[in-house]
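Shared between the two complexes below is chain A, which pairs with chain B and chain C, respectively.
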Partner chain A sequence: MFSVLWKKKALIFSSSILLLAFLFALFAPFVVPVDPFAGDTSRRLLPPSAEYWFGTDHLGRDVFSRLLYGARYSFLGALVVAIIAAILSIVIGTIAGYRGGCLDQIFMRISEWMLAFPSLMIALVLVGIFGPGMLNLMFALILVFWMPGARLVRNMIVRLKEERYVHVARLHGGSSFRIITRHLLPFVLPHVLVLATLDVGSVLLHIAGFSFLGLGIQPPLPEWGAMLNTSSDYFYSSPWLMIFPGLIIFVIVLSFNILSDHWREIFHIKK
Partner chain B sequence: MAALIARRILMLFPSLLFLSMFIFLLMQLIPGDPAQAYLRLSQIPPTDEAITAVREELGLDLPLYEQYWNWLISALQLDFGRSFLTGERVLEEVLYYFLATLQLSLTAFLLTIVISVVIGIFAARYQKRSFDTFSRLFSVGGSAIPTFWLGFLLVYFFSYQLGWLPSGGRGDWSSLVLPVLTLSIPYIALFSRLLRTSLLEVSKAYYVTYSRARGLREPSIFRKHILRHALLPLLTVSGVALGYLLAGTVIVESVFSWPGMGRYMVTAITNRDYPVIQFYIVFMAFIFLVVNMMVDWLQAWVDPRLRRREGSRHV
Partner chain C sequence: MVVEVKKVAKSYGKKNGSRVLRDVSLHIEREACVALLGVSGVGKSTLGRIVVGLERADQGRIFIQGERILVGKNKRFRNKVQIVFQDPYSAFNPRLTMAQSLAEPLLIERVKKRERYERINAILEDVQLDQELLDRYPKQLSGGQLQRAAIARALICRPLFIVFDEVVSSLDVVQQHHILTLLHRLKETYDLSYLFITHDFQAAKYIADRILVLHAGEVVDQVEKNGNGSWQHFKHPQAIRLQEAVWS
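Take a look at the complex of A and B:
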């Protein structure tokens, strides 16, 4: 009983956090209390107060406003990457699984190769090849994150397309397109949704990590990882510059993980 | 078994050859000109004559297949070119930095395995009690925490506030503590949970019930029948983990100014230091192929069923 209640609370908490982050990301320019790019040397490194909730940074910029504005880069960026990767994985996985043959073989070989390396390593190599920058980083992450989903979709399609009801649908004269969209994908999509939700958190960690390394979104844009990068010299005298950006990444990633777990339970998907 | 190992080692070469060719082609896609990057890093003004001279010196004026051939021939003689930035031989530089990374990741690996096994066993033993709940919260949190933030928090408390440990750099053992903790905590969170699940699953098996029925004592059932089987999946995952720990050092090295491979690569990417980027990719691919191969052997050695399957696949 207690655990059910706790779960519900965690779910409500995490969904509202994510909804809030989404709204802030969309309407950031209209809701930020202070211009996130305007520095003012008279208010450098102020600790959190009623006026500046999360303090100010070494250039006198309001950390709270920058975090709200940063949702556009970290949060929306991760969301866009995960959605594109999910769509790619559905399309490629379905084609490989349904058509089979040579295409499927090529797909399986490439994916086995990629699975042998950690995602962080592949992303680092791709960023090394494309060069640092926001779009390059997003492109590299899409190339990394479509793969596990595509394998999942491919394996499910291979299994489902031999089911009796699919054969019956084909005997009824159903086209491949109709069979895929009506009889195969409805079973696959919940799995993709669970995985993609988990991936948003993971992508966010990657975006923040690479921006922290200086290889992703560049300052002065207030991406959360980049914020940690630019102010790292002042952490010990002004810890709020470190605590709040990290905390917000942590809470958002945690919320996505909780949401993914919840969807897994709703759709009765085993780990 | 010996034949299997020999075949796997021989298979490495075509894989590496293919990969290096692929990387070479991919490097051609890079926006920007290596010659210009070279001149910028050597602080020579990029006049037209200078660019032509450098292109000739680096062999960039040759056709692509000839460039690759030259690269391959020198690579076979263990000559991977010189860094644009430092002018040193890339191989020697990378080996130096790789040792630092290896020290970090192997220590983190050992710590991860030991602590995960301990936490996993206790969490499974005291299922649904407070320790289990605590370990669950730890694993939920550990999977969501950004590595760099964790690192800075640890530095803030243990070096800045308490003054117990150095905040960065590579020195004696004390400089190893915080980076290793930062690197391991997310993996401990993951592995302890995996082992707990595995333990609980195995303890439901029929042969466990049977050994209880035979009247074996509980500690001996746990040690000989449950733990041994439950550790098998951990073995598989630990090979993968070693790879992830090797890669995961990138961020930790930046936080703690650890002179390792990751930081070296990040500097190379920012400076567009082409020979370094190229060699880093080939080198890491080699390391990962070797690690994966060793994991396969280890599994085949522990689990005879795999050995038979592997053998029949190649016949």
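Take a look at the complex of A and C:
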């Protein structure tokens, strides 16, 4: 038992970090030690200390509290985008793959067109159209991230629907909904789970990146990327302002990647 | 007449694609077993799939008890026509236990739990399968056991007609004999009609009342059992070749 746990220590460690981040994101207003929005110029740019664990920023706000509160935007935002994108990819991929014909052709052409451009560029264009802001950024990222998953689902459904047991289920009079939910999706969902887990990390980097560029979440909201952006002027004098948000983004993205790898192992999915 | 196939034709690919079936016609009476004999690739399985409504024919018509069958329609006949495939492992959802797989047609029919349980047990007895196997997954059963389970699943929805597509080809000789005997007995018990697709002349002779020989997408010969149990003689060279191609 202990040896199994030891082998899975990376999984346990990353899952614990993600669970903690999730809980902080949910209950941030109740757990932050100091109001993350309250500035005090008398305590600006203080280094990490017992009182302010991660120091204070240029407006005298507690960096630790802002990081905890920022989980609501960066972590929860990325999670919501990845979940909605995964649901969309399952629905669209399943309909296209199962129905086939004209619908499938339209889907394939759209996805090919989208694959021709880097996802960052498409998101950048969409954010440019919708304008900066949390909801607009999330909407743009959903529009970018649903497609690879939908292609994966569509391809799997096209293959699986020709399996003999699906033909048998059809002969038994099973409805399309029953065939999809009982005989097709149980094989597809583990793959989507792996991809979606990997996507959360990627979406988080996108949110942070866009906020860093000033196109995502706007100050004074304490999004991790936006915190990096506003701290860039003080990097040499107060490096903790960039080190801690950078570190937390790194740890969270790494944790999602480790979790995704373990899902892959658990469900015997080839890379 | 349970099944009537009229001038069915099928091609794969576009206009100049390969023609698999050309004007195939056959009929199967109640409680009759018609064997469809032919070498690999002559279109036997395609015809089987067209007959049960899994595939669309380019031309021709299929009638089940006088009603024309169209792919994706005729819900009334949906579970009255069944097919059992050659490879039983691919015919079962690997994520479902045998109990779940056998209950599936009954769940679709909205059969109550108690009746479901009774019908599964009865059918297991009929195909001589142990109830202990119900909790197992397909990969935990032998080929013979799984083929019996596939037959049980086809029978559980009380069909009129079953297509057996090379059901004994992947089994050893002993299992082949057991399955053929079982099919023979079940046909009598449940008043079933069979289309038995095979390339094995001996198996066809054992189970069928009539043998049709399919060659290059056409029925080139057919023989029936005489009153004394002997068989009429084939006339077509391909049919004779098939008859003679038995290991001595």
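In this section, the second predicted complex is superposed on the first by the 264 of 271 C-alpha atoms of A that agree within 3 Å, B and C clash if a C-alpha of one lies under 4 Å from a C-alpha of the other, contacts with A are read in each partner's own complex, and residues count from 1 in each chain.
Operating definition for what follows: contacts are C-beta pairs under 8 Å (C-beta built on N, C-alpha and C of every residue); 3 or more make two chains touch, one makes a residue touch a chain.
Since the model is a prediction, treat every value here as computed from it, not as a measurement.
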item: Chain B or chain C, by number of chain A residues touched; value: B
item: Touched partner set for A:H183, first chain B, second chain C, both or neither; value: second
item: Partner chain in contact with A:L23 - chain B first, chain C second, else both or neither; value: neither
item: A:V91 touches, of chain B and chain C: first, second, both or neither?; value: neither
item: First (chain B), second (chain C), both or neither touched by A:E163; value: second
item: First (chain B), second (chain C), both or neither touched by A:I110; value: neither
item: Partner chain in contact with A:L215 - chain B first, chain C second, else both or neither; value: first
item: Contacts of A:A38 with chain B and chain C, given as first, second, both or neither; value: neither
item: Which superposed partner A:G225 touches (first chain B, second chain C, both, neither); value: first
item: Partner chain in contact with A:G173 - chain B first, chain C second, else both or neither; value: second
item: Chain A - residues contacting chain C, complex; value: 163-165, 167-175, 178, 182-183, 186-187
item: Residues on chain A engaged by chain B in the complex (per definition of touch); value: 116-118, 120-121, 124-125, 127-132, 201, 205, 208-209, 212-215, 225, 228, 232, 235-236, 239, 242-243, 245-247, 249-250, 253-254, 257
item: Chain A-facing residues of chain C, complex; value: 49, 52-54, 75, 78-79, 81-83, 85, 87, 90-93, 95, 101, 104-105, 108-109, 153, 157
item: List of chain B residues in touch with chain A within their complex; value: 26-27, 29-32, 140-141, 143-149, 152-153, 155-156, 160, 240, 243-244, 246-248, 250-251, 254, 262, 265-266, 268-270, 272, 277, 280-281, 284-285, 288-289, 292
